[in-house]
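What follows is a group of structures, each given as structure tokens.
Below, subunit A partners subunit B and then partners subunit C, in two separate complexes.
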Partner chain A sequence: MFHNERYLGYFFIGPTLITITLVMVFPLIYGFVMSFFEDEVILTQFVGFGNYFEIINNPKFWNSLMITLIFTLSSVGLHFVLGMILALLLNDNSIVNSVARVIVLIPWMVGESIVAIMWKWVFDPSFGILNYVFTKIGLISQNIAWLGDPRFALLSVIIVRVWRGFPFIGLLLLAGLQAIPESQYEAATVDGANSWQIFRFITLPNLKHVITVALTLDLIWTMRSMALINVLTEGGPGNATKTIPIRIYEEGFQFVKLGSAAAYSVLLFVILIVFVSIVILNSFSKKQD
Partner chain B sequence: MLSKHGKIMWILGLLILVLVSFNVVTIAKDSITITWMSENHHEPQIKAVRGKLIQEFEELHPNVFIMQIQPPLEGQWMKFSIMARAGITPDIMDLGCEYLGSAVDRGWVLNLDKYVAEEDKENMSKNALNAGKVDGKIYGWPFWGGIYGMYYNKRFVIEAGLNPDNLPETWDEFLDWAKKMNNPPVYGYAGIWSSGTLFHHHLARLYSNGGDILNDDYTKCLLDQPEAVEALSFWTELDSKHKVIPPGPTTYTYQEQTRAFAYELAASMTNALWAMPKLLGDNPEAMTDNILIGQNPYRTVPATYAKILYQVIGANSENPDIAWEFIKYLNTFEAATQRAVEAKWIPFRTDVINAPEVQDSEDLKQFLGFMETAKTNPNVPQIGEIQSRIIEMVQMVLTGQATPEEASIEATKDIDKMLAK
Partner chain C sequence: MEKSKLNLKPIFLRTFKTLLLLIFIFFAIFPVFWMFTTSIRLNRDVFSIPPLLWPSHPTLEPYFEVIKERPIGTYFLNTLIVAITTISFSAPVGALGAYGFSRFKFKGSGLILGFILATQMFPYVVIVVPYFQVLASLKLLDTYQGLIIAYTSFCLPFITWMLKGFFDAIPRELDEAAMIDGCSRIQAFIRVILPISLPGLAATIIFAFLVAWNHYVFALVLAQSPDKMLLSVGIPTLMGQFAFPWNLLMAAGFMAILPPIIMYSFLGKYLVKGLTTGAMKG
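Up next, the complex of A and B:
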């Protein structure tokens, strides 16, 4: 068998393929199948598309979808903008920047639940430092319930998500910036280009692939984010921050309705595929141009 | 190649290994492990007393080993449901009353009727026993829980010119006290308006106005009835109208509420006896000898809510008989008294109140006295969803997103749909 090196290759990647199939592919397919059943324990009570119809006919699903989209698009957008600013600031290879690159990554290194607990204290209406500082500088006259007021809860959750996520996006963009040949910048300067023109015609095009990867990953991570919101607000107050992942958790583990939870998951997967496809196809179409 | 000496050492080593393994297997075959899952094992006041009781039981049954399984706090149901789906339920679990119906419906727990003798039922609270039944069969043995009453800060009561010997009994009396003790940053009342405990508090208020969640045969939701709407309205107006509760109420879980009371930022709170060790631990200087215990205020009928933790035997238990023996042991008069006195959790034996140690403890006596008017939630499979819907209902009103009437009607419609399935 090992005389032919081709078979030897299969032998070595075989365990990995089997593991991926068991850990990823099988649960994916099983979850999809489960979404057509009501009783998930032994897959009795086939309901066809019943779970999907029930979800789509529930106004709360659409509310959750809207909240999910606002949360995702705002967070990803701000990740990109702040990440780019950070990357441009850290692009210079000085000793200070070398240290700063590690320090700014700290929010990303801390676990999501821990970040959420920490920010719960920051946002606390009675003890939180945010209200204390804002009151002292005269920005507000009375304490705000950042996580307890539906007008501010989603914004607060987005702030936490952005705080934690933008350093990593910045690091990805920084890696891309470091790979841009210096000669291109020199040529642009010689031609009389200003900073904005250099950024628009040199930096951004060179970062296209990095941006595609960063946006794709960030969309996936943000859209399926559950732990942060669950610790901060549990989807409340009312349904103000109840994203689809929170509904999936509720359906599956609190209401013990795995069939319904699986249907929610499939719908989220489809929505995610649509967004990721837009990003990737957009990247390819620009390449062809 | 090994020398002769080396070979002898190898053979001896292998022999010892075989002998030890054989003995371990033999011992393992003879010994029985009973797994006991509870999210409260780690709490300091509970850990000590459980450790003692386990040790006592193991001494009486030398071949039995009790293994405690500690899931995350408020994550026990999720862990149990995953284990049950995998067919590896623990032998014993402390299961909250809000999950019993779901667990029975899915066949995850055993029917206890064949284990329970008539004498086991003597001295047990009839309400609690009945609440552990589904379709007339016993599935949950009432282990312990919390009966909700009121805590008052004695110093604030006196400073407000109120009589500490004449605590409020009715809603209106309570509101009068809350207003008089309200002096921001100290607020008149701290409730729990988030997480599953909001459900418990809301039921305490609902019952004390003669209301209920469901009708007798569990086919219709009653949250749109006048007494239910009134309960929702009165207690949410503590914030919207009377401003006697701290800001951001929907962020208040058990931790925030007890912290507010312990650090004297709230003059009263609804809670069970289990909160006492936490208050004394959080701020001993302020809390020692400074807490008054009163009944849950009522409008039409003295009533309160009892969160009952049932002990259930998992459907996959290989030793249900021994599991039941252990459950019985934990619920003997002596063990129940020990649990009540040391851990401040209420056992559902009605004779514990007569124990001398309990008679010496004013707060324990008072909370045990509330048992007569305590009621728990209905045991329906949809109770998890109903709980979530009620939390949403209350929060919608509290945050001004709906009036009590609107929120009650919407919640009733949704719960009726759940019951119809």
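Up next, the complex of A and C:
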């Protein structure tokens, strides 16, 4: 940076910072303030932590928290298992693979609400293709209401989330795989390692950074996901798929309790930070070994 | 080891791997394929038992019908306007900001950049509640302006962050060489750095456009009147109380994903290349 450019830097980042402050920082702070008020549409009554106490004492919150955790951890876990397998399959740079890589990412191109519509049809109890195939091959004896039956709704929602997300995670992991030096594999083979040992002691450690980044992103994206579930089940049947984001929407725009919804949002935000911190701290402590 | 043993194992492995890959691809593609084939069926083919893989009488009738049923054209236009306007603002501002962060040192820039990264991670539901309140009081609900402001909140940080990564990868010597040749810093940026970073720039803008096109939460809360509704929200409204017109729904859905799919078919390989060479190293 040149000496006479001291103020030029501000010219470059100025518009960005100002805009972000206006469209992001200001609403966030406003939301935080809102959470301390109670309202009927217009926020008028200051209640301090009243909203928060109400939420924490409401079993609906804990139910939503549990559903959110199950949904998030299952989806992310499956993303990584399927993604890892996909990445390993796509690792050599053949022409077939470069086409396959582009094709396989298609689920991620489709918007969440359209994905939901797509799968609602697949899951249709009477005419959907899934029930037809499963009964035909004898996996199930009668049609399952995938989205209407409280026993299956959460599972179905997880399946859709996994379908949409695993290719992206797979490609991120692929990026990590491609960066592993061939020499490490060669050395391991010379030492007589089998495939599983190679995977455990060469592949995985090399992927640590990519996994941390991908895990953080995926946890957040999944935990905040609202479109998918809202269009698939609206949180139902009953409360079977009512994750916290769905609760926030319900609280704020169906019950019209904006202050309470704001408090929920702050809590969600805190939960997210806790998760991300766990992931990041975990990766840092490993690095010290 | 006998030669015959060595020769068979890799072939089995290759076949197994190819088969597994095909299964993955089938799993990824089938629902989209199923959506398309349903969208070209008449009702009797939609509800036929057993379901047909391909309709006996393919027809584009559902597409015409759904356009009569819902203002799909309006949804389309609205989404296009909001996405393009937001990106048209966010891209230049973001590029300037990214360049500034890349080439200049500021006090606390680490903190600011960390914050910008963190904004990528906010749940939209967290920010939509105050947004609703603020836009309502400014009478900006159900307006393009309101939507664009809201969409900027996630487009701008994203573009800034991604572009900074791309600019960082371009050596500073290039800027300095240009400035020694008589360019001002701004000219060096426009004439040298921008052209070089064009692939990254294009990938980022396409990515951002896709995110904006598919966005749901802000659209749901901030644009509820039918004339300003966006695609991602408008199409699910076809799902009535009882039986859904599946072929119409699928037709509408397919129209909604057409722009992303078309973009993707031309530019997908660049996006994938960017992803797999670690553009998202964070």
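The definition used in the following text is that the second predicted complex is superposed on the first by the 282 of 289 C-alpha atoms of A that agree within 3 Å, B and C clash if a C-alpha of one lies under 4 Å from a C-alpha of the other, contacts with A are read in each partner's own complex, and residues count from 1 in each chain.
Definition applied: a contact is a pair of C-beta atoms (placed from the backbone, for glycine too) under 8 Å apart; a residue touches a chain by one contact, two chains touch by 3 or more.
What you see is a predicted model, and the numbers here were worked out from it, not measured in a lab.
Residue contacts after overlaying the shared chain place A:281 against neither subunit B nor subunit C. Look at A:253: by the touch rule set out above, it reaches both subunit B and subunit C. Of the two partner chains, subunit C is the only one touched by A:34; subunit B is not.
By the document's definition of touching, of the two partners only subunit C reaches A:17; subunit B does not.
Of the two partner chains, subunit B is the only one touched by A:125; subunit C is not. When both complexes are overlaid on chain A, the residue A:85 reaches subunit C alone and has no touch with subunit B.
Contact with subunit B, but none with subunit C, is seen for A:143 once the two complexes are overlaid on the shared chain.
Between subunit B and subunit C, C touches the greater number of residues of subunit A. Of the two partner chains, neither subunit B nor subunit C is touched by A:187.
According to the touch criterion, the shared surface of subunit A, contacted by subunit B in one complex and subunit C in the other, consists of residues 120, 124, 253.
Against subunit A, the residues of subunit B that register as touching in their complex are 77-78, 81, 85, 102, 106, 185, 194-195, 246-251, 256, 260, 265, 382, 384-385, 388, 391-392, 395-396, 398-399, 401. Against subunit B, the residues of subunit A that register as touching in their complex are 40-41, 120, 123-126, 142-150, 233-234, 236-240, 250, 253-256.
On subunit C, the positions that touch subunit A within their shared complex are 17, 20-21, 24-25, 27-29, 31-32, 34-35, 38, 46-47, 49-51, 93-94, 96-101, 103-106, 112, 116, 119, 121-134, 149-150, 152-153, 156-157, 160, 179, 185-186, 210, 213-217, 220-221, 231-233, 235-236, 239, 244, 246, 249-250, 253, 256-257, 260-261, 264, 268-269, 271-272, 275-278, 280-282.
Of all residues in subunit A, those touching subunit C in their complex are 1-2, 5, 8-13, 15-17, 19-20, 23-24, 27-28, 30-31, 34, 43, 82, 85-86, 89-90, 98, 100-107, 109-122, 124, 127, 129, 132, 136, 163, 167-168, 171-172, 174-176, 178-179, 209-210, 213, 216-217, 220, 223-224, 226-227, 230-231, 245, 248-249, 252-253, 258, 261-262, 265-266, 268-269, 272, 276.
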